[in-house]
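Lettered A, B, C, D, E and F in written order, each chain numbered from 1.
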Amino acid sequence: MLEFINSNIQIIYLVILMIFVGVELIEKVPSVLHTPLMSGANAIHGVVIIGAIIIMGQAESMFATILGFISVILGTLNVVGGFVVTDRMLEMFKKKK
Amino acid sequence: MNTEILQLIYLVGSVSFMIGLKMLSKPDTARKGNLVAAFGMTVAIFGTIFLYEGIKVSNYGWIFGGLIIGSILGTLSAKKVKMTQMPEMVSLFNGMGGACAMLISAVEFTHLTHNYAIGDLPKGHLLIILLGLIIGSISFVGSLVAWGKLSGRVGDKTLKIQQIVNIGLLLLILGIACYTIMVGPPETTTYFYVIWGLSVLYGILFVMPIGGADMPVVISLLNSFTGVAAAMGGFLYDNKVMLVGGILVGSAGTLLTLVMCKAMNRSLTNVLIGNFGGGGNGESSTSESGGHVREINPGDTAILLKYANKVVIVPGYGLAVAQAQHVCHELEELLEKEGVGVKYAIHPVAGRMPGHMNVLLAESNVSYDKLVEMENINPEFATTDVVLVVGANDVVNPAAKTDPNSPIYGMPILDVENAKNIIVMKRSMKAGYAGIENELFYQPKTSMLFGDAKGTLTKLVAEIKAL
Amino acid sequence: MKLGVLKETKSNENRVSLSPNVVKSLISRGDIVSVEDGAGLGSSYSNEAYTLAGASIVSASEIYNNAEVILRINAPSDSEIEQLKAYTIWMSMLLHKSNPELIEKLAAKKVSAISLDAIPRISRAQSMDVLSSQANLAGYKAVILGANEMGKIFPLMMTAAGTITPSKVLIFGIGVAGLQAIATAKRLGSVVEATDVRPETKEQAESLGAKFIQVEGAAVQSEGGYAKEASADYLAKQKEAVNKSLFQADLVITTALVPGRKAPVLITEEQVKQMKFGAVIVDMAAEQGGNCELTESDKIVVKHGVKLVGITNLPGTLANVASELYAKNMATFLNHLSTADGFKWEMEEEITKGTVITKDGVILIN
Amino acid sequence: MKLGVLKETKSNENRVSLSPNVVKSLISRGDIVSVEDGAGLGSSYSNEAYTLAGASIVSASEIYNNAEVILRINAPSDSEIEQLKAYTIWMSMLLHKSNPELIEKLAAKKVSAISLDAIPRISRAQSMDVLSSQANLAGYKAVILGANEMGKIFPLMMTAAGTITPSKVLIFGIGVAGLQAIATAKRLGSVVEATDVRPETKEQAESLGAKFIQVEGAAVQSEGGYAKEASADYLAKQKEAVNKSLFQADLVITTALVPGRKAPVLITEEQVKQMKFGAVIVDMAAEQGGNCELTESDKIVVKHGVKLVGITNLPGTLANVASELYAKNMATFLNHLSTADGFKWEMEEEITKGTVITKDGVILIN
Amino acid sequence: MNTEILQLIYLVGSVSFMIGLKMLSKPDTARKGNLVAAFGMTVAIFGTIFLYEGIKVSNYGWIFGGLIIGSILGTLSAKKVKMTQMPEMVSLFNGMGGACAMLISAVEFTHLTHNYAIGDLPKGHLLIILLGLIIGSISFVGSLVAWGKLSGRVGDKTLKIQQIVNIGLLLLILGIACYTIMVGPPETTTYFYVIWGLSVLYGILFVMPIGGADMPVVISLLNSFTGVAAAMGGFLYDNKVMLVGGILVGSAGTLLTLVMCKAMNRSLTNVLIGNFGGGGNGESSTSESGGHVREINPGDTAILLKYANKVVIVPGYGLAVAQAQHVCHELEELLEKEGVGVKYAIHPVAGRMPGHMNVLLAESNVSYDKLVEMENINPEFATTDVVLVVGANDVVNPAAKTDPNSPIYGMPILDVENAKNIIVMKRSMKAGYAGIENELFYQPKTSMLFGDAKGTLTKLVAEIKAL
Amino acid sequence: MLEFINSNIQIIYLVILMIFVGVELIEKVPSVLHTPLMSGANAIHGVVIIGAIIIMGQAESMFATILGFISVILGTLNVVGGFVVTDRMLEMFKKKK
């Protein structure tokens, strides 16, 4: 355990700091932004698509190709759909006196 | 060299995510924040495609094919969806992300079994893969169920002992996973698929019993799940941008879920397991008359008001009962300062005595110019963005015009239903002086903001100031 | 139709049944309006204002002879009934329940009599409800009158010459008049308490900032917006509950009426004796016998150091607005009952049914 | 000292110079107080209240004979002066500037006369300033009186019988009375405008929610809190500026006084003719000739359709509080000038210097 | 093994710093946050002493000696200092930290020259050491100057061309440092001491010309400098807890500096170089009568009010002019809700007509019970925590009691000077109706809150709500 | 440069995240807390004392010993004085209903 922590101490610091940042960012968000923020966060975790691209890019077997291809489509859906939907939701904040 | 540049690109992507998320949490910058995050994502994706070591150029076709298909489908569905169906859409997209994480785990598992002998699989890797699989699957299936519920395709179904089944199932999944990782039995592959199947099942059972009204909270929770699943990918590939994106969303999403619960004045546990029999909450907003009532919270009302050009306040007896005239005036002044035109529509019989509203509003120093008589304000409703009905009922009841059997038939009323949005502030669905139901409350343009008028107006003022 | 506006003949009556504004609107629907010479003067409406609005100024007899419909505020006196032609339609307040002989006389003359005070108190009739519109003004005026008669001022004032404590105002009856009295007294800065037999009035009084004096025991139910007569037991309990406030009050306003009956006695001589020296009671029920035993109708008297104001026609003292509102009620009512071509006589319709007291000599309601 | 409280003999005067409360405080400092029989009745103070406070109830002649100091509100009449003994100290309002003969008569009688209306308007004398305390009440009462005489109501009211627009009130003179009038009229819901010659009153009027009507051109300076007489040019300009508001006003209250002189005429007959039919003018300067040409002192008259209220002794109509405040002023003043053992006659002290008009027959101020 | 445990301890320390700082930024938790951070520090210090590899037990004496001496001195001086001298103390302590960083650099430089040949010194190390030296020295000396200025030991001194000299000096320092690192000349050691000396000089020149009123901003800036210097230590020793502590303070401190400038409505540049001739700002608050006036901002007033038990509001003519009665009532209600007892002290001649305050406060619905006459409230001031004088002047002027020549001599006044704190809200130092100066404003217990009463009260309400 | 970044990428992530956390924490601090917060931060950067302890602990030369000793004292002053002063400042926040 100690060993594990020590060999991964950097990553642990990173993860803890990221959690802090994530929490801090949200803490004082006005309730009107709950839904758009959720939607925006949703698009961001679409970063999982990078995993899909890697699989797809390295695919050799049919199995990996098909799954990879599907993953890429799904990931893209998440990313593109997510950002576009968020943008639409936020359209109403456009007007500002 | 490529790898080095890619690292830098990932750094840019990570920082974009942080900045984007930060900007998303403020109304003024939210829209730009979304773009910043999208920019970071684009950079990360194309960086990976072109610079990642091991991507075969022969697979570019597949990659771009997938990207193009996904982009087209995603853009189209996101553009077509109606404003009111946004949450469903978010849920669906979230499910896609979960599915993606799940599939990655599946593929990486085959890679793992390919590269190592069963029983010798590196525990760390396996742990990460299994976690990605479990969380991804739950998120995927759960999101689909949530989407189905919101769009009315799936109803609330609950087994009597649902919660116990659920907890048991979760323990079972985790047990098998632990066993597989620790012991590394020869049937590892089988166990992998068993775990997958059970996770899918759990995803269904987890979301099924939760009431429709609580879906946004559940979606937010599943959203943070997907974030964690993405982070697993980050560990797997030692990929910082996946890690940052995933963990940010994981932690931010979790907190957001809690914040949303708090805004609804409920605890997360209460949302997740308190709702046996499901929809208890959702149903209460369906009236005896069968109509469906749309509720709104002070936050959303605040945004509607602040970004409106013209607001008309319709005070009624409830304003007097709540003694909310002072804070009502404060709201009016605040909106005027924001550049919103505000008027009061005074119905001749609002309240319980002639001139009741006049007395109240004069007490709180509302300028006489702002009080408009019924005949003069009625033509104006068509150009009004938001009508705020504060504790009035009979004086805005369309039955007076439409229902000859109604005791108020023939009484002239305020034609608030011509406005673009109608927000009705009252404590319950109870009737007013005349004792009759009000169809206005069930109209699609109407939203109910329940609560004592004084308290709700105070919250509204605070929300608008916070914007 | 030919409408005639007769001058009010009751003493102390400055109001008039139609205002120039309303005359104009009736003429634009097609009616012909004659107004008795000088009918509007008490309400600050000159003859010219009427002619400008399109009416003709005529003598009373001309109206009796030519008008199809005669509009008034008060019921006709015996001598006026004499002058009425058969089949004339007479519209005014009639208080038919308390005046059966009047109705009989009108019926004998084959007059169709329509009473404005009989308009049912339903939401859609509110714009015709003269009782409400006039009681509202009366409630306001009762406070002004009280303030004018008092030796104290209403608001709290901390001055170099010492602090003047706010006056305490106690209001009996939280109907239309009572509510407006609460609002007005509150505005002027006094501390207001109020009481009523109907429990639902508690919330209403509080919505205007008054303290409600709760009477223990069973509450009195209301029917159609009117209070039923309260039981002796109730009245006793009420006395007990309000005495504390009553004996500290600087101004008391009583508005308690039970339609068609003598007003309930809420303040006895015994109670008056224990009141503050210099206190004032404005008894809005003076015409119906008074809510206070000692009130004298249309007089201001001081008894046991308490000033009793029995002025009866309070809306009449605000003739200008009172006439305007009465006239608007009247016009809405006329529009409901008739077109310019004549009356509809829809006897099944709720408002018509409730207000047509005699038709062509037949007594429909009593 | 032996203090005597004489009953007021001026007509329409209900006030009394000491209240039972204040009698008690004076007795506790060591004075002996006699009160004329029935002196407090008009202010709702019974004889018993005074005896309870420690005073003795006596006849007027007893006071004339025994009291060292006689306290009053109004100046003595000729017959009363006759009854005064030499070296008696007389304290009341005397308006010595406009009444030189009165002062001479008092001096001839060797009476020491102290005038309460001559107290300088400096901060530390505010608690003795009867002009302020009484004007304050008068300002309130002027509005109540106006409201009572009007055919309209003050507040805006949107009712089923139509909308009643708020009354427009115009106030001339933003002194103590004017400010209180603004506050009271505003409270009742009217739209208030006000004007004054002193420019610093703009901020004061606005601090109470009134609109200030600015008169173009040079402003009039004030000295010691009193306005100087305005020039003819100024008056003309004022007329022009206020006419628009005047002709729309429902109630006009004039409070413009220049001490010791005839009140300035602010509203001419010509202007009255153009006012609203049914408007009311409450002329608080009626006693000094009126700010309106047509005002008749102590009468309510209607001229050109405008009701002119010339009631003079407004504080006297609020006798109870007015007496209490006057008495408190008097007590503070007495405490300033004297101890229970007698007067200090510190003739160099500002307040003493300003208020002792005659001393032992010598006229010190005129 | 020890090293591993130490890593864990440092992790705990780092997280404590983050959590502590977070808690410090909220009034409710601030005090606990300070303790949490202190806990983290203690753990890190003792962890280092006992677990760090290479610490000689023979040196324990020195270490503990230093710790004990420092603790005693630190505790004593921190406990003894007066509330009003806190900022000076903070500055002094900050200087100590800067000096510490500076000395570490000096020692490490000797180590470096000991271990490597001049000219072969590892560039990265040297960079870090020099940065630590420069920043630490500036912070050290600058803090001392700031301390001297605040405590009145050092006056404002400015050369005409100060700014140019400063910029030149800074460039010179950086130039020499770059040269030394890049080229590694034989005179490296000399250059090192030159850089040190110049940095000390720069520290003096940097702070010297800045006005006394701006010192808090400067201290905050130097504070973040020290943070960065500490972070250099973190790089040097590859020590995470130093890195976290240092960078956190560096970034938080920088932002805090900006926020403080914003709260003062100035820009940082303006503070740092705009103030030629120095103290222009500090002087404006000294009246013609020679007395010194203490200003307070709405934020500090809010804290005073919120944490008071008993507050008395003294309204005057200014309340009427500002038409601030409604927001005044709002403040009162807010405080009452927080559990603070609030009363109004009504002076009989406050305003411009008898009962002026009564009319206003009744208009805004203040309950009659809350209005207390002068005679009744005067004995209560002794037990009052805060008196809020809103646009009153003459009625609280002690000259009425003390100065027989004053035109208001003899007039009874409200004895607000008996209260623990007096806050006076008005727009300027101008006199009231009587036209005379008010000594109350110059008393040590009095603070002036300048601005239009309505605006200032509105700000106060917002600040209290934000607490 | 690129090389440098790559070999220190973890640290760079760490530093960026820390800066983010620092900034986020302060952003919405009420003005009443400016001074105590500054003081608390001041105490935290006293963590530099760890460097002083290391130097002191490893000191062999007289020079290092003396400088180390002074550093330890100075660092301790910063830490202890900083926390104590902050605590005193925050005393007024103690009472809480």
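In this section, a residue touches a chain if its C-beta (ideal position, glycine included) is under 8 Å from a C-beta of that chain, and two chains touch if they have at least 3 such contacts.
Everything quoted here is computed from the prediction, not taken from an experiment.
Separation of chain A from chain C in touch steps, taking the shortest path, is 2. The chains that touch chain A as well as chain D are B, E. At the interface between chain A and chain F, over half of the residue numbers appear on both sides, which makes the contact a same-residue one. For chain E, the chain with the farthest CA centroid is C.
Looking at which of E-F and B-F shares more C-beta pairs in contact, the answer is the pair E-F.
The chain with its Cα centre farthest from the Cα centre of chain D is A.
Inter-chain spacing, taken between the CA centroids of chain A and chain B, is 17 Å. Averaging C-alpha coordinates per chain places the centre of chain A 40 Å away from that of chain E. Chain centres here are Cα means. That of chain B falls 57 Å from that of chain C. Separation between the centroids of chain C and chain F, computed from CA atoms only, is 80 Å.
Under the contact definition stated at the top, the residues of chain C that touch 2 or more other chains are 126-127, 132-133, 136, 155, 157, 159-162, 164, 187, 189. The set of chain A residues that touch two or more partner chains comprises 13-14, 17-18, 20-21, 24-25, 28. Multi-chain contact residues of chain B (touching two or more other chains): 18, 22, 240, 244, 348-349, 354-355, 359, 362-363. Pairs of chains meeting the touch criterion are A-B, A-E, A-F, B-C, B-D, B-E, B-F, C-D, C-E, D-E, E-F. Touching chain A in their complex are the following residues of chain F: 10-11, 13-14, 17-18, 20-21, 24-25, 28. Here chain E touches chain F in the complex through residues 13, 17-18, 20-22, 24-28, 30-31, 33-35, 37-38, 41, 44-45, 48-49, 52, 54-56, 59, 62-63, 65-67, 69-71, 73-75, 77-79, 81, 83, 86-87, 89-90, 92-94, 96-97, 99-101, 103-104, 106-108, 110-111, 216, 219-220, 223-224, 226-227, 229-230, 233, 236-237, 239-253, 255-256, 259-260, 263, 297-300, 302-303, 307, 338-339, 463, 466-467, going by the rule given at the top. Interface residues of chain E, counted against chain D in their complex, comprise 317, 320-321, 323, 348-349, 351-356, 359-360, 362-363, 394, 400, 407-412, 433-434. Across the complex, chain E meets chain A through its residues 1, 3-5, 7-8, 11, 14-15, 18, 22, 240, 244. In the complex of the two chains, the chain E residues touching chain C come out as 346-349, 354-355, 357-359, 362, 368, 371, 373-374.
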